[in-house]
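One chain, chain A, appears in both complexes that follow, with chain B as partner in the first and chain C in the second.
Right, the complex of A and B next:
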C-alpha cells in the first residue's frame, strides 16, 4: 500500500490517497493528484505538530507536578497514594450517606466502637461498654483526643446524636438512631431533641436508653452516623461544618490537611490519636478521584496508586501481569424484589414461584455475569452473616434450590387460572443502569421468554429515578440490592417487615411481621438466630424475592503495602492498617 | 445545352444534412449514469449499498437464527473457533467427592460444563482458597483469579463453572491462616478443559434431531456462529442483520421523509419569494435552533412510550420535525436561482402557469441537489440512530441495533474485540458507502460536468 512518492511516512493515509486516485476520472487527474499530495503534506505536518505539543506538554507536566511524590509507595516519607471513587459531597458525619464519604470518615473519625484489622469489634473512644435490655452504658477513655488536643467527651456524642435526629438537620440516616428512646418521635418533630434517650453522666460516661431492646447496639454505634461532633467547634463554623478540610475537627488516626475539591485530598497522621494499633503510614494521598475502573487500572499499572478493583474483563490482563489477585465480599445481595401490591400479577404466589423455579442463580453468575468475585445468591442472608458460633448460613443452610422447569410451568398454569387470565400481559422489570443490572435484566428477559413464554419489558433508570419508581410502586419486578448497615443479620432480616419503608414491594404477612418483631427484641442469641433461620425459610416459601447474586470484589494491592482491607461492613476500603513492607521483595 | 425535364422542377424531398447525430442522444439521467459508472469509487459504494439492503432484507431469510436466543455454552465466542464438543451426561449439582484425595486432583474429567477439584488439607491450613490462572504459576506466586474460599478444613472440594472455555487452565489451592488470609502453602495442577454439551442441550439448540442416536462420549459440532457470539451467547450475525433493520429503517426512511418535506417547504418559499419567503425561512432558522436530543426525550414522553418499549418511533418523529431545514434552505436557494433564469422568464412570457413552471422547470433542476442531500443525510441519520442507541435512548432490549451492540461490545473490548468490531465495522462501512455514493452522485448529476466529448 505504500506509495512510491515522498509521503511514505504516513503509510495508510498516503497509500489510500494514491489508491483512490486511480479510480478517479482521468481528465482532472493531475489536479486531484496535486490536491491529494497537498493534503498528505498537511497531514504529516499536523501529526508532527501534535506530537511536538504532546511531548512539550508531558515535559511541562514533568517539571511541575513530579517531585517523586506521585508514586504509589513513597518509602522515604512513609506515604501511600490512593484513588477515591467519588468526591464526598461533604463530610459532616451526621448527614453523610454515600460510600466514598464512608471511606474518608472511617479514617479521620473514630466512634465509640471500631472494627479491628480482622473486622472484629474493638474499643474505640469507649474503653468498655455494657448493653442491657433497656439501654447501654459506655465508659470513654481519657486519652482519646480531637485534632486540636482537647479530650473527646461524652457530651460530644450527646450533641452529635441529638443533631442527627433533629428534623432541622434533615439527616437521611436519622433512622439509624431510632433504637434510642424518642429518636423516631424527635425526628418526626413530635418531641424536642433534648428528649433523646442519651445522656452524659459525666465527661467519661455515656448513658443510652432504648426505645426497644437492641442487642446489636454495639454494632450500630460503629456506623458513621454515630460519630461524635464537638459542639463549640460546630457552632464556630456558621453552618459550614464538614464542607472543607478546615471546617472539620478530627478524632481518628488521620486528619485531612488538604482538600482540593473534585481533585485530591491529603490525609496526614493525627498527632493526638491515642492508639498505635492503626495509622501506620504517615500520609495517605488521595491523589485521584475517579469512578473509571480502566483509568484506575492504568494508574495502578504505572505504580501511581496502591490498590485497585478489577472487573472481570480486566482479569486476563491482570493474570498476564502476574499480579497477586485478592478477593473480598462487598456485602451487598442483589435480588428481584416483586411488587406485592394487590392488583399486580407479581402479587400472585404461584406466579412468583413459577419465576423462581424457572431459573437458577448460578447460571446467571457463571454464564451471564462471569464475575469471579460474585457468588450466586441463594438466600436473603449473605454468606458472611454471623450465626451463633460460626456463620449463619452454615447453621441454617438456605433451602436447596434448583431449576425445575416442570414445577415452574405447573405454577405458571396455576397462576393463570387463579388470575383468570388468557395470557399474561408484559411484565415490567425495573433495572438500574449499572452494567451488572443491565446484563441480568437482559438475561432474565430472554430466559423467561424462552422457558415460560413471558414477555418482560426492561425499564432502565438511573439510581434516583429508580428509587423514586420503587417507592411509588411503579414496577412488577425491580432488580434491587441491599447492602448491610451494620454487622448483624437483622440488617437483612427486617427488610420485609410491613412497616419498613425499604420494603418497596410492600410485602405484608403476619407471620413475617411476628418473626421480625421477635428477632428485633429477643436477647437470647440462639433463639434469635433461629428466628432468622425461619425468616430465611419464609422468604423462600413465599417467594418474597428471587435471589440473584452476592456482590464481591476482585482487587489487587501493591505488594509493598500490607494490611489494606476490603470490608463487608464499614468502609469499602480500609487503609487504617496499611503499612509499607518491602521485605518480601 | 441540356434539356430540362419536368422532373427537374419537382421540389426536392426535405433532406436534413445540417444535423447528423453520430451518437445516440443522451438524456440527463443517462449521462449522469455514464459518469457515475466511470467513477469506480461511487460504483463500489453503490454495490455496497445494494449488498447492505440484501443483507438486511434477504439475510434473515437465509440465516434463520433468533437474534435474541442465548447459547450459554458459547458465550463471547470469537468467530472461526473449533466447534467440536464432547457429549457428556446432563449437569447435576455436585455434592462432593466420594473418595479421599491425597493432593490437589481432578474428581471428574474437566469439561466446559464443570471442573471438579478435590484436595487433601494443606499443612497448617485453617481453610483453603481456590485459584484459577491462564498462565503457569511462577515464582511471583501469582495464582490468578481467586474463585472461592473455605474457612474450614472440612470442605476439600470445589466445582468451577465460571465462564469455562476450552483450553488450558492452572488451578491452585492455597492454605489460609486462622485470619482467613492466604499463606505460602500451595498446590497447583494443570487442567485441559474440553468443550462439552449434554444431549438435551444439543437437542434444544437444534444441533441434533430429537431422535438422534448419540451417546455420551461422542463428539458433536456445536451450533455454528459465523461471526461469533456476544456476551450472552447470542449469534452476532443474526443480531447484525436484525440491527441493520433498525439502523437502515431509520437511516433511509427518516431522511426520505424530512428531505421531502424540506423540498416542498423550500420550493414554496423560494417560488413565492418576498415576505412569505422571509417568514418561512425565519421559521426554518427557529427550528434549526431547537436541540435535537431534548426533543427526542420530550417526544418519548409525549407519545407515552413506556419503559422497555422501543424509542425508534419518537426518534423518527424528532428527526422529521427537526432536521428538514437544511434541505429546505438548499432547495430554496436553487429555486431562487432558477427563477431568474432566462428560460423561466421565456416560459412565463409564453403564458406558463405556476404549476407548469414548478413541475417542468424548477423541480427537475433541483432534483440533482436533492438526491445528493439525501445520500448525505442517510449516513447522518444512521449515525444519529447509532449514537442514540449507544447512549440508551434508542431501541429497547432485546432488539439490537448497531449502536446498542457497539455499546455492549465496548465493555469487553480488550478480551473479545469481535463484539465491538463487527457492529462498528457495519456502521463505518454503511456510512462510508453512502457518503462516497453521495459524493459520486454529486459529481455525476452536476450538469456543468457534463461530458463534452
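Right, the complex of A and C next:
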C-alpha cells in the first residue's frame, strides 16, 4: 500500500510510509527542497492575499459597532463604559418583562415615582401624591420634559396605562394595572379601554380610581409597566415603537442615541431632564453585550468596563489583584416548591415536614454552593423586606429552624403510614440548567438518600421546558425562585394564594387565602405587617416550601467610579448616580 | 451546465422546503412554547398573546400560513426580541457572521493547504511531527477553551505591553476580527491540514507524478501543477459545507468576544423556543448550506477537467 485512503486518519498514513519508502524519500531531498521553495512562495502570496481580504472585510464591517478604543473611565468626556448581559429584548415599557430591559428603562425613562440613591421612594414626574382607600391623586411637576423638550403631562400616563390593559397590546404585565378600576375587565375585552379608572384632570393632575384598596400603589407606580408614553409620538412610529434608538421618546436622565443591536448602545445625558440629583456622567457607553462572565472579567482587567460580576471561581483571582470586592443581595429567594396537588406524595404534610427537618439551608449555602454573596434562606420573606419601622425580619423573626433527624424520620414514618406505602417511589425533582440549581439538586439528592433513604430523581430541563412542566404540575418538587416586583412584603406574601397562577404547586388553604386577602386590603400598617408575620408562620407550619438560599451579587467596580448601585427592587444595576471620582487615587 | 444548475436548484428548493416542514413540526412538538415566562400569565393575557402571534389557530393552518409567509420572504416577528422582525435580525446579523466566517474559512483553507503540503513534503520528519501534534490539539480542544485562553492571552499581552495591542472583545474594526476568526477557523484548519496531507501523499506516488519526474519536469513545476492542483480537490469539496458550518457555528466565539453575529440567535432561539427565529435562521442557513454545496459542485467542474457538469 503506497497511498493512504480515507480522509486523514492520523497515523494510518504514517504507518504506510514505513521503511520501504524511506530510501526513496531520502534520495529525493532535491525535490523536497525545490518544492519547499515553491511552497514558501505560495505562502507569501497567501499571506498577502489574506491581508488584503482582511482589509476589505474591515471596510465592510466598519459601521457595525464601537471602535473598541474607549476605556472604562473617560475623564476627559466624563463618560464610563459598561457591558450589558444581553440585548434588551423589549424597550417598549408597557410590554417589557425582563431584567435587562428594566436596567435600560430605568436610565432613559422616569415614572411618577422613582427610587433614590438609597433605594427609597422619591418624587419622579410627580411632585407629590396622595393614596386613599378608593384611589390616588398625583400632582405632576411642570419641568419634567421629554427628550424633544415638550412637558410630560398627565395625559401621557393615561395613554400609556390604557395601552397596557388594551387586549390588542397583549402586554404580559397588564395584571400590574389590575388594581386600577376596570383594568382586569378591559384586559379581558369586556370594556373599552377608555373605561380605565385613570383620568387627567388637567395637564398637571392625575386621578386614579382603585378596583380594591391598594395601599402599596406608590410602590407599584415605580415599576416600569407604569411608565409614561406620549400618544402623538407613539402613533407616529407605525408599530415600531421601542425597536430602535430613534423609535423611542425619553424622559429619564439619559437617552439612547445609538443602538447597534446585540452589539452596543450609547446613552447620552438628556438635556431636558429636570433634576440634577441623578445623571452625573455625561455618557454611558454600553460597548459590549455578552453574558460570558469570563469575557467580562477580561474586559474589566483590560480597563474596558467599569464593573463586572464575579462568580465564586473568580474570587481567588480577584483577591490576588487586590480589587475591592463588593456584595449586594439581588432580592431573589430560592426554595423547593412542593407539588400540593392531590395524589402526589408531596401533598402529604408529614412527608414535607420530614424533608424540612432533614436539612438546614446554611449547609447548602456554605458547604455546597459556596457563593460568598448568597445567604441561607430561612423564610419566604427575604432579609431586606421592610416591616413597620425597621426590617420585617427583626419585627417578625422567622421560625427557629434546625435540622433534627429524629423528627424527620418520625414524620417520614407517619407519612408512610398515612399514604399506605411500603416503600417510597422515587421523588421527581425538577431543576433548571443554571449551575446553582444543578448544584443544589445534587446536594439534596445525596442528602435525602443518606439521611432518609429516599430516592430523588433529578429532572434537569432548559428554561421553557421547565416552565411547561411547572405549569402542568409534572413534578414532585421544583427548584423555584421568586424575585420582587415592588418593594413590599406582598410581592412574596401573596405567592401561595389559591388564585395566584404563580402558585404552581397549587397549594390551597383557606387560612392562607384569608390572610392574603387581609394583607392586600388592610390600610393599617401595623395590622398589615402582623398579617405577613402570620403568613410567614403558616408557610413554615404547613411546610408550603423548603427555603434554600437568597441570591446575591459579588462584583468589582473600578475605583475611579463611585455611586453605582445594585439593589433588590427596580433595576438590578443602576448607573444613574455613578460619578467619576479620581481624588481617592 | 445550465440544465445541471437548474436541476440542482430545484432539488435545493425541495430540500429547503423539507427542512422548513421538519423544523416546524419538530419545534411545535417540543414541550413548552415561547409565550411561557417565569411569571405565570393569566388566561386573559395568554389569550391576547396567542391571538397576537396567531398561535390560537390549528397547527396545520399555522403551517400553511407560515409557508405562504416565507414564500413571500416574511419570517415574522421574534418572540424574544418582540420589536424586531426576523428578516431584520438576519439582515443585520448575518453579515457579521459572514464576515467572520469568510475570514475564518480563508485562514483555515490557506493554513490547511499550506501546512498540509508542508507536512506531506517533509513527511516523517520534524516539521511533520510538530504540525501533526498541533493538528491533534486543534481538533480535540473545544473552541470555548481556545476562545477563553486566547482572550486571556490578549489581556496578558495588553497588560505586559501597557498599550492596547488588540481589543479583548467587541466588534467594528479589523483588529476585532483577527483573533476571533483565527479561533473560529482553527479546528477547520486542523481538519483541512490532515485532509490535505493524506491527499498529497496519495498523489506523490501516483503514476503521473512518477512519469513527470522521469520526463525531467522541474520539481517546482511537478509540485505546483501535478501535486498541489490535484491534492487540493478534496479540500475544495469540504470547503462549501465548512463555510456554512463555520458561519453557523460561531456561537461560542460570538459570546466570548461579544460579537453581534447570527450564530447567537441561532442557538439562543432554541433555548427560548422563539418559534419565528428558529424557523427563520434554520431555513436561512439551510438554504445557505444547499447553495454552498451547489456552488462547490460548479466550481469543481472548473478545477477538475474530468468532471463535466452536463
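Operating definition for what follows: the second predicted complex is superposed on the first by the 516 of 585 C-alpha atoms of A that agree within 3 Å, B and C clash if a C-alpha of one lies under 4 Å from a C-alpha of the other, contacts with A are read in each partner's own complex, and residues count from 1 in each chain.
Keep this in mind: a residue touches a chain if its C-beta (ideal position, glycine included) is under 8 Å from a C-beta of that chain, and two chains touch if they have at least 3 such contacts.
The structure displayed is predicted, hence computed values, not measured ones.
Participant: Applying the touch criterion given at the start, work out whether A:368 contacts chain B, chain C, both or neither, answering first, second, both or neither.
Facilitator: Only chain B; A:368 stays clear of chain C.
Participant: Once chain A of both complexes is superposed, is A:89 in touch with chain B (first), chain C (second), both, or neither?
Facilitator: Second partner only, chain C.
Participant: Given the touch rule stated above, what does A:429 touch, chain B (first), chain C (second), both, or neither?
Facilitator: First partner only, chain B.
Participant: Using the superposition on chain A described above, determine whether A:316 touches chain B (first), chain C (second), both, or neither.
Facilitator: So A:316 only meets chain B here.
Participant: Figure out whether A:443 sits in contact with chain B (first) or chain C (second), or with both, or with neither.
Facilitator: The first partner, chain B, only.
Participant: See if chain A has more residues touched by chain B or by chain C, and give me that chain.
Facilitator: Ranking chain B and chain C by residues of chain A touched puts C first.
Participant: Figure out whether A:292 sits in contact with chain B (first) or chain C (second), or with both, or with neither.
Facilitator: Touch status of A:292: second partner only.
Participant: Going by the contact definition given at the top, which residues of chain A touch chain B in one complex and chain C in the other?
Facilitator: Residues 25, which sit in both footprints.
Participant: Under the touch definition given earlier, write down the residues of chain C that touch chain A in their complex.
Facilitator: Chain C reaches chain A through residues 30-34, 36-42, 44-45, 48-49, 51-52, 80-84, 89, 92-93, 95-96, 99, 102-103, 106-107, 110, 114, 117-118, 121-124, 132, 135-136, 148, 151-152, 154-155, 158-159, 164, 167-178, 191, 194-195, 197-198, 201-206, 213, 218-220, 222-224, 227-228, 234, 255-260, 264-265, 271-273.
Participant: Touching chain C in the complex: which residues of chain A?
Facilitator: It comes out as residues 2-10, 13-14, 17, 22, 25, 30-39, 42-43, 46, 49-50, 53-55, 57-58, 60-62, 64-69, 83, 87, 89-92, 95, 97, 167-175, 184, 187-189, 240-243, 247, 260-264, 287-292, 294-295, 298-299, 301-302, 304, 462-465, 467-469, 471, 501-502, 504.
Participant: Okay, in this complex, where on chain B does chain A touch?
Facilitator: Per the stated touch rule, the residues are 35, 38-41, 68-70, 72, 75, 93, 131, 133-135, 138, 140-147, 149, 151, 161-163, 179-180, 231-233, 306-309, 392, 396-398, 411-415, 443.
Participant: Hey, which residues of chain A end up touching chain B in the complex?
Facilitator: 20, 23-25, 118, 312-317, 319-320, 322-327, 362-363, 365-368, 370, 372-373, 391, 402, 426, 428-430, 433, 435, 438-439, 441-443, 445-447, 449-450, 456-461, 554
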